[in-house]
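Two complexes are shown next, each including chain A; its partner changes from chain B in the first to chain C in the second.
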Partner chain A sequence: MDRETLRRLELLNQLKLTEEQKEEITAFFDCREKDLAVLNAIDTSQTERQVHVMPIMTVVREDIASQPFTVEELQKGAPDTDQGYWCVPRVVE
Partner chain B sequence: MNYETVIGLEVHVELATKSKIFCSCNAKYGAGPNEHVCPACCGMPGMLPVVNKRVVDYGMKAGMMLNCHINRTTTFDKKSYYYPDLPCAYQTTQWFAPVAVNGTVEIETSKGKKNIRIKQIHMEEDAGKLVHDIAEDTTHVDFNRTSVPLIEIVSQPDLSSAEEVEAYLERLKMLLRYAKVAECAMEHGTMRCDVNLSVRPEGSDQLGVRTEMKNMNSIEAIKHAIEYETARHIDAIENGTEVLVQETRRWDDIKGKSFAMRNKETAGDYRYFPDPNLMPVVIDDAWYDSIQASLPELPEEKYARYTEQLGLSEYDAAQLVKSIALCECFEAAHAVCGSAKDAANWMISEIMSILNQRKMTYDMLNINGTSLGELIKLVMDGTVGRANGKKILNAMFEDASIVPAEYAEKNGYIMSNDTGLIEQVVKAAIEAEPKAVADYKGGKEKAIMSIFGRCMKELKGNCDPQTLRTILIDTINKM
Partner chain C sequence: MNFYTAKADTAAERRVAVDDMILTKTMPTAAGSRMLDGYMSLFDAEVITRLENAGYAIAGKTDVGEFAIDLVGETSYHGAGTENGTLLSASAEAIKSGDVPAVVCFDVNGSVCRAAAQNGLVSVKPTYGTVSRYGTIPAACSGETVSVMADSTAKCREILDVLAGHDDKDGTSLSEEQCALVKTAAAKPAAKVAVLTNFCEAVDDAVSAKLDAAKAALTAQGVEICEIADEKIAAARAAWNILMCSELCNNVSRYDGVKYGYRTQNFTNIDELYTNSRTEAFGELLKTAILFGSDNLSTENYMKVYDKALRIRRVVCEAFEELFKAYDAVLLPACSRLAYTEAETKADKYLAFEENQYTAPASITGLPAVTAGSVQLIGSMFSENMLFETAKLLAKEGE
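Let's look at the complex of A and B:
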């Protein structure tokens, strides 16, 4: 993994990595890339996509609306609320 | 040099479900802040999503309406981005196996018919709402809209003008409303559109630099934005006024300009990965067949049936098929009154004009078609006069539970057959209008209309116009 890719990922994930962490991550992904190269060499063009390792499917629920929680209950642990809103640091100038 | 515009659309449509896509919170718009929220849709740790079946039903149905292939195993994925309107810091959407792929929509413009290819339709959750104008130093967050179900309809870049885009959006709205999967009201935000646009020399097979305008919510704004962006791109290419970059732009309808927001994200930036909390949705034959069996008659099919089997004129049929609500009301009314021509006439002359007066869209029609049929029958058999029929219809717009026959009886709208009463009214009117009588006798035939109007007013419209006219002329002639 080159430093530019790492810088972009750092930005997207809103992280601030130390030089030591950057080296550790780069080394880890360089190693994984070699593993992936082995997998990528296998021709899977005729193989059906497997979406899950188990033959398992989701359960679905009927479209019935309910409201078991009040705003007050949900906001009990909130650091800052106002008039039913959660408040967060301003995100636009 | 001549240029051509290349446009692809991403259209987000809010599905008309009662509850949200992954939890049972109410999906209805209009509650107070965070009143339609639970630990799942506000992203509290440990909460797990459960798929709303109706969302998959509607996703499939929309796909079938747009001639798509339905993926019988469809999966949900996480799309990562950090913003306060997204409490989980990812959006649950579909990337690897969307519910519907490879469809087409036929549009018609002044240049003729054209097929627009649909790349895919995927199901996903909406984000919350941020309010920036309550306080100076904080942003207020309302998660009511979070997890409200959406489908995103992604077209291939097959559109080349504002006219085509308008025709495409109108066609999408019509098909999805016919299928009753969505309201598709851009003015309510239940249909929003991202416009991807680039410009290239005519005949070239290379795409130009693409810009995206997000969350456009009116067709007029979209048309203006396309015209502006096309001119901006051509100006940049020909005159070097600016360097075009791939970016996301915001359209300001008041200023009539687009402004750069941010560099365009690529799919890699979102780091899509399969959602481990949601197992694949497997659509078996019974489920698939039940949705296919529920597909509505298409507008073109209705048009053909109305003209060929019911004998309506092409104009009348074209007016009715504009909206599924109009069609359903017409069909119910026709079933009761038995006359397609009369039912169509009432729909087009009266109902559509009342809707226009009240600034209501055709899809907001709230008249019970069966009641309309009963009203038309009362007018057809002479029980109620046409003018009073219109009054009853107006009342039905206010109160959908009105039974026309009872309302007519209660308000004195039943036509009178009492010729003695009519003669008495005519006599009084003649005495009150000597000049009109003299004018009529002197050869001015139209002069009789003022006496006729006076009589009709006195009889509250409850008189057959032909009977009244005959008695009136006979009485004057005998004088």
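Let's look at the complex of A and C:
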């Protein structure tokens, strides 16, 4: 794991790490190589991937409009709101 | 440790706590994270509705580690519960102290199983899809399961019977007929149990003694014990870590400090708002898991890492299927030691991603697992009744 890749991951995930955290996480990533070796020791060339543990059927419901919650209820936990809107800093300069 | 007491007038045996990954309308749900500190859900999880409809009172909530991916809850925003340097599980403490006989927990990375094993309690992680996940905080959706920890096998079974059932609101919920098997499948103990020896090598003397006691108890009750090694099942840990972190990375991307949850005070633009909110609110283990998961899903690694882990999931499932042709259940440890210290987790921050080697086989396959007598039994799909009956033999011997 090089620092440039780590920086890219930080940006992608909207996180900022301290130098100490970067070192620890780099060491953790390096351990993954050992884990990958364990997995690669098992031949899966003839094995299909398994996304779900059980067969999953797509749930289809009737398209019926409803309003389980009001705007006020949905915004109760919001850090900053104004007249039914969520407030964020200016996006367009 | 948080424990909010409510409805104290309900009879003690009808009081149940739920952990902090399960949404409750009348009590806050934080998932052990600063991000959701004080968060009040607008609705109850399906398991809450089922418990209340069956006459149980939700007596309180127990704290969890951040998004329940740690050992036993030590990464909670509220701080690790400890006694003389030993880590405590809030759910196990709620039962041991006599506050409640059972706690409904959310098992993402084996913390429920480990806590039960380390505290001499019973837990069940049911077959994936038999208990609704509607109203739980999503972390690693393809393997996480609502579970039960209790003071006895009977209590564990009683609560699971209330929770199991089809739910239209959960897209991964199995049919009513399949869910019913959790309650109606043949209730007789295993005749043949396989001990996975390669999982027993790195455990300490105390866990080793528990395994020996379990084997002796089962043998005394006429259960045939066979020792086998299976390298394919042992690969579950590495694969589960990849899948869990990848799913977690996506699931926590919704927390950005805008619609709900923690918002930083330190921002001048939208990027700073997102980044500083997440950086200040998330703990170190979660940040590592997010970055690891994100890297697994990158263009460079998707086929090499993520796709490989999905194929290994099938390999592990098939290895179990093969085992269950000859054996009724598999016995293995739930953890490498009967207690974790705070010092250990400070020295090795990623211990949870090693210790889950014992719980990853059940997580990645969705198979049911019962922990009793400080050891773990895994059975085929819908074999909860058989696992409970086998676990009772362990308890009987203990008495």
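Basically, the second predicted complex is superposed on the first by the 82 of 93 C-alpha atoms of A that agree within 3 Å, B and C clash if a C-alpha of one lies under 4 Å from a C-alpha of the other, contacts with A are read in each partner's own complex, and residues count from 1 in each chain.
Everything that follows uses one rule, which is that contacts are C-beta pairs under 8 Å (C-beta built on N, C-alpha and C of every residue); 3 or more make two chains touch, one makes a residue touch a chain.
Everything numeric in this text was worked out from a predicted model, so none of it was measured.
Asker: A:I25 contacts which: chain B (first), chain C (second), both, neither?
Answerer: Only chain C; A:I25 stays clear of chain B.
Asker: Taking the superposition as given, does A:T47 touch the first partner, chain B, the second, chain C, both, or neither?
Answerer: second
Asker: Determine, under the contact definition given at the top, whether A:D35 touches first (chain B), second (chain C), both, or neither.
Answerer: second
Asker: Per the overlay, which chain contacts more chain A residues, chain B or chain C?
Answerer: The partner that reaches more residues of chain A in the superposed model: C.
Asker: Once the structures are superposed on A, label A:E62 by its partner contacts, choosing first (chain B), second (chain C), both or neither.
Answerer: Touch partner of A:E62: chain B, not chain C.
Asker: First (chain B), second (chain C), both or neither: which does A:D80 touch?
Answerer: In the superposition, A:D80 contacts both chain B and chain C.
Asker: Determine where on chain A the residues touched by chain B overlap those touched by chain C, and list them.
Answerer: Correct list for chain A: 12-14, 49, 51-52, 56, 58-59, 61, 68-69, 74, 80, 86, 88-91.
Asker: Show which residues of chain C lie in contact with chain A when the two form their complex.
Answerer: 39-40, 42-43, 128-129, 142-143, 168, 171-172, 174, 231-232, 234-235, 237-239, 241-242, 249, 253, 256-263, 267-276, 278-279, 282, 284, 287-288, 290-292, 294-295, 304-305, 307-315, 317, 349-350, 364-366, 381
Asker: For a test of understanding, state which residues of chain A touch chain B in their complex under the given definition.
Answerer: 8, 12-14, 49, 51-52, 56-69, 71, 74-75, 80, 82-92
Asker: Could you please specify the touching residues of chain A with respect to chain C in the complex?
Answerer: Listed in rising order, the residues are 1, 5-6, 9-10, 12-17, 21, 24-25, 28-29, 31-32, 35-36, 38-40, 42, 44, 47-54, 56, 58-59, 61, 68-69, 73-74, 76-80, 86, 88-91.
Asker: Hey, which residues of chain B end up touching chain A in the complex?
Answerer: Result: residues 17-19, 24-28, 32-39, 42, 50-56, 73, 75, 80, 82-84, 96-97, 130-132, 134-143, 269, 271, 274, 278-282 of chain B touch chain A.
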